[in-house]
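One chain, subunit A, links the two complexes that follow: it is found with subunit B in the first and with subunit C in the second.
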Partner chain A sequence: MNLKNLKLNLSNKNKDLIPQILTVLFLILVVIYFTINAQSNMGNRGISFGFGFLSQESSFDITFSLIDYDGSHTYARAFLVGLLNTILVSAIGIFFATILGVTIGIARLSQNYLVAKSAEWYVEIFRNIPLILQIFFWYFAALRALPLTVDSINFYDISFLNVKGWYVPKFVWTNFSIFIYSIIFAFILIYFLSKYAQNQRDKFGKQIPTLYISILLIIGLPFLTFLIGGVSLSFEIPELTQLSKTVYVYRGGVSIIPELISLALALSMYTATFIAENVRAGILGVSKGQKEAAASIGLTKGQILKLVVMPQALRIIIPPTTNQYLNLTKNSSLAAAIAYPDIVLVFAGTALMQTGRAIEIISITMLTYLSLSLSISVFMNWYNKKMAIKEK
Partner chain B sequence: MNLSILKSDKKNLNSFIAAGSALIFIGFIDIILSSFFSTNITAFLPNKISYLTPLLFGLFGLYLIRIEFSGNKLLDKVNTNFNSSNFNALLTLLVIFALIKYIPPLLNWFVFDANFAGNTKEDCTSGGACWVFVKVWLNRFVYGLYPDTEQWRINTAFLTLFLLVGASFFVPQKFKKYIIIFLLFVYPIIGLKLISGGDFGLKYVETGAWGGLSLTFIVSAFALILCFPIGTILALGRRSKLPAIRYTSIGFIELWRGVPLITVLFMSAVMFPMFLPDGTYVDKLIRVLIAITLFEAAYMAEVVRGGLQALPKGQYEAAKSLGMGYWKMHFLIILPQALKLVIPGIANTFLALVKDTPLIFVVGLLELAGMVNLAKTNPKWLGMAMEGYVFAGLVFWVICYVMSRYSQNLEKKLKTER
Partner chain C sequence: MIKSIKTWILVGFASLLLVACGQGGGGAGSKKSKTLDNTKKAGFVKCGVSQGLPGFSNADEAGNWTGIDVDVCRAVAAAVLGDADKVKYTPLSAKERFTALTSGEIDVLARNTTWTLSRDADIGLTFVGVNFYDGQGFMVRKASGINSVNDFRDGISACTNTGTTTELNMRDFFNSKNIKYEPIAFEKADEVVQAYDAGRCDTYTTDKSGLAAQRTKLSNPDEHKVLPETISKEPLGPVVRQGDSVWEDIVRWSLNTMIEAEEYGVNSSNASSLKDSDNPAIKRLVGAEGELGAAFGLDNDWSLRIIEQVGNYGESYKKHIADTGILPNRGPNELWTKGGILYVPPAR
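On to the complex of A and B.
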């Protein structure tokens, strides 16, 4: 009897084991096959696998860089420049996409028929045109129609827009670190303040106006550093300089290249449509009874929004919106199409052309994106767990 | 407050309506005159105030006609939809003024000032859009560099496809199965052979010459057909209780979902050939198709998984209690129901796929957007970027809009059916 049971068990286990072993075997075989081919191919081309090239001199220039870079720096540094440019355009895109998306999402729920319809059409139009086409449109069609350097569009004499880019004043700081420390310090104070306020409210029912004190702190502390901390700020305004009879350039200030402008514009306008839909779904997802119940216990309109509607709506809005942020970051790789020097163009483009190390470079690029995605999704899971309704 | 005299009430309804409408009318006249006839009727005021007068007139007019339960149906409708508060009134006016200011110039550029006749750039003289550019290049935009004399092959392939799909809706249930199997497994090979040629007396056309809108359809249709079974298997694998299979599936799915398509295409272009035996040449289009298929299969897997998770547990248990094995249970009971649930999701994946196809320019294949890029750099047609992108955008927009509408309707229908 026992023996029979054992036999049955074993056969069941075998049934489970065989497909698994086959899968693993198949994977190993594929990897071996690819490795052998790759080795012989690289041998034929006289290169060997390795990441030593990263410390070699890159000897190519990058048009736009946040850190010091020129041809004498290494490939690793070129990679860093590309990565920073990717992060820069993603951050700008996320910032504007969020503002635009939330505005449009709320506008879609407006009682005003015209506003709701315009918002709806915005979403329908920009969601259904491929992003790459929108980038092309802004870069090759819209921004190329801007005036030449001589007759730039002038914004109050401090900022200039022309076909070469957008010139804005540069912030020149002294003792910048003290300023930053004061902001960090303000945040720490606010954190303890909110803990203290919550404690007081839970224990004694006392209300402390946390919001006003926090605003005061975050404006007041940095302001104090200007008065007594020796921090000062001045602006370097771009100036039109004549190089020769017909050649003009802007000197000083910060120039934002048209590639960055068009990429950020297209990314934020495209992603905003998806964020708008998320916001709309989130607000609609809070049932009417919740608002009515909150009103019936005497909460004011502002309190209902802050304490009842928003926490529940955010729970619906945030997970898909994080996904959209992730998509935006991945979509920023389309930069390669208009020669914005992001990680794909700099590293998987130029560096690959020069070194011919396809396997190493493509793997590094993909791993970078992969770790970016995975870290965001790990964060999202953690956040979801934290925000999930705690049922007792 | 003094303003309370002006507070509208029902007693003098008609006079308030008359006064309010008159003010709104003046506001509209003001904006129309200033934006189209460049005359400013309020020029006697300071510059900045004069700029805002239409808004002030309109706001005040709307304030006067804001009478609740007036008994006038039209007025009540206007008030609830456009004029429920001062803020709403302001928004309404801003939207209307923006429309008045920007729609006519756009229309002028698009239609009234546009050039339709002629064959060269020099025929475009009137300042509006130069649709001559699109007209001349239309053939290239649709067929790419495919030879003119052979284009009937593409037409035939697509016409047959439409006929077959159309027929599958009308034939009795019994034959429907065969048509779908034919469409999924046999037709792609025939269609591809017809377009690429080489045998049966058809001239061989290399894939580098394929392009334009037809390539968009070819790539997206093939990728969809191919990614569907792979995605389904991956979804089943991810839900399998066997760890080796589950983790392989998870790894595969997350790998593709974590990287942008453009790097995958780069990979197919430069890294993939390194992994094959020396001297093997795989066609560019095939490589692209493999890359896009694997990429989309990962997304499809997640869609299908959503359907599998949505099915109640009872379905699995019932199937098992009938003595069905794993495959029988999934193919006869689970998948037919789960796939039906996720048809909208599949449609959305397809939509994303169509919007992603322009990216194949990185390996040198030129579909519609790529052809526009090529055409606008033609020395005879410089400066036509705007027209080209607007045209391409319009084409993509129509395709995607129709599809998204279809999937939304389907979603609603499925929701009510359950």
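On to the complex of A and C.
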């Protein structure tokens, strides 16, 4: 009887397996077909295939780079410059989109009619205008509105804003590594402190003001290095230089190019609308009974938000917000329209054009975006799991 | 007996087949062009042009394309299909243009494209000639006090198009002068113009013909000027796919016909009346002597149609470049007989 059952099960399993194997085989065949097709067509047209070009000299320059780069470096290095610029604008965008999104989302639930309505209008306007138009708007509006270099908007003689960018002082450090070590050390201390505080709370019900001690540590320790560690900081302030009769430029300091500013602005303002809706959905998704129950056992308003509402709201907020982070990262590829040197402009644009290696370069670029998105996804899934209900 | 008849019939069929195959194969060897066949079948020439560069390829409100690059495609259509209007235009960005050609989306690329070694040799393309000799220059504001490239100083910002040879020339130039510069490269020419107009950059660099054409799009064209120096050689010309030598020849000689017609004074209005000219070169141009078209599978009036329907090079230049005020002076684009460098091999 038992044996018979087992046999039946196996054959059932096999029955399920066969179509799956066939599908996979079919997909593999399709991929092989397209590869061979592309190869033979490229062969017919005298186009070679290979990644050797990556080590050739790129011989074009890039406006803005986080690492040392000029045209004498390789295409691989140009790729890295583009990738870092993409990551930079995405990170800035995600940071501000989150802050703005959470603020707007909470504002939409405000009791204050004016605040709630303005937040609603903000969301409705900015999520319904195509992103590319918003990017153009911020870029060309900013360029038109900002003064020429010689009439820059002056912030206390240390920072200057004009049509060529925002010039800020550059930090010049001595013994910078000691300063960094002190910050790392502070973080390690905070980690142990929170472990200790949790232990105390679990065992004795004692509340330790972790937040205040942490703030003290993270400011105090680096500050100490200035006093006794030999760390010092000075500023290199941008200076106005005349190039010709009417052409001026700021030299020294750090220049934040208008392309970066307007792209980050457009991306975060656009994505913030979606995050705001997620936040609103999350907070509304926590049932009223939870708050009332928490209040009835004597938690304060802050504690209710921190310990009861937010943990449950976050579970609703995180998955769709992950999507928005991914969208923002992918949308940053619109940078090419306003000359922000991201990976699409630098690598899938200039490098593609100079080498003519469309298939190689587009594959690399697609793989890069895929890995970027997957990394964000992995991180957010980890965070989501951490926040999910742990059933005991 | 019956058996042997059967055998004979079989042998006869087989040899017939062989002969037929042989003829087909022979034809393929000498004068078969897949692109030409496809073009005749489709009834139009698939031509890749720019996204709008006055004088070279620019569409009006009604969607009619004009320009000297457009005229190359019109000449090919006149030669192959008998009607210069049978062209399908595909506007392409600098980035898309070569892929569109190698993938077969277009058959002729006439899009102010610079002929360089790497493009010719490496990516499956063949340049068939030069229809405009250009060079890269700089545009600045008149008020800037910059009168020559020697007035550029460290920190100058330069706007240009991405995906073109200008980006490379710009680097070579500033490096040779040892000037640190800020390169700002946009994907489309319209954005370059807007950014330069807004003051984002101090100078705008691209081919001089392009500068002259784009200057008209600035808010105050008179406040800007093109510096006298030319920093590169930019021979612009039509491109075809590698591997179809008949098609390549048709495009090359369509362009050459226009230039040679100007050299011999043949134009759209007098072409047909020159059939009984004394000059054999002119007679060959208007199809009254020789069998030149047969060399690439066309009839003998192919060149006459080009001249009648499109005009000679001089007419095309005057109509699109000179009369529109882009570059009234022909400079190097004058015939070799008049001090320029336009020189084409003889059509004979």
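Annotations
Assume the second predicted complex is superposed on the first by the 356 of 392 C-alpha atoms of A that agree within 3 Å, B and C clash if a C-alpha of one lies under 4 Å from a C-alpha of the other, contacts with A are read in each partner's own complex, and residues count from 1 in each chain.
Basically, a residue touches a chain if its C-beta (ideal position, glycine included) is under 8 Å from a C-beta of that chain, and two chains touch if they have at least 3 such contacts.
Being a predicted model, the structure only gives us computed values, none of them experimental.
In the superposition on chain A, contact of A:144 is made with both subunit B and subunit C. By the touch criterion stated above, A:330 is placed in contact with subunit B alone, subunit C being left untouched.
By the document's definition of touching, of the two partners only subunit B reaches A:37; subunit C does not.
When both complexes are overlaid on chain A, the residue A:354 reaches subunit C alone and has no touch with subunit B. Once the two complexes are laid over each other on the shared chain, residue contacts for A:47 go to subunit C alone; subunit B is not touched. Legend: residue contacts after superposition of the two complexes on their common chain; A:60 is shown touching subunit C, with no touch to subunit B.
By the touch criterion defined above, A:14 reaches neither subunit B nor subunit C.
Residue contacts after overlaying the shared chain place A:287 against neither subunit B nor subunit C. Set side by side, subunit B and subunit C differ in how many residues of subunit A they touch, and the one touching more is B. Of the two partner chains placed by superposition, only subunit C is touched by A:241; subunit B is not. Common to the subunit B and subunit C contact sets on subunit A are residues 42, 44, 140, 144, 336-337, 352, 358.
The touching residues of subunit A, counted against subunit C in their complex, run 42, 44-48, 59-63, 71, 140, 143-144, 148, 163-164, 241, 243-247, 249, 251, 258-259, 336-339, 341, 345, 349-350, 352-358.
Put simply, subunit C touches subunit A in their complex at residues 94-95, 98-99, 102, 118-119, 122-124, 141, 143-146, 151-157, 159, 162-164, 167-168, 170-172, 175, 181-188, 191, 194-195, 198-200, 202, 241-243. Interface residues of subunit A facing subunit B in the complex, by the touch rule stated above, are 16, 19-21, 23-24, 27, 34, 37-38, 40-42, 44, 110-115, 118, 124-125, 127-134, 136-137, 140-142, 144-145, 330-331, 333-334, 336-337, 344, 348, 352, 358-359, 362, 365-366, 369-370, 372-374.
Those residues of subunit B whose C-beta lies close enough to touch subunit A in the complex are 80-82, 84, 88, 91-92, 95-96, 242-245, 248, 254-255, 257-260, 262-263, 266-267, 270-271, 273-278, 354-359, 361-362, 369, 372-373, 376, 385-386, 389-390, 392-393, 396-397, 400-401, 404.
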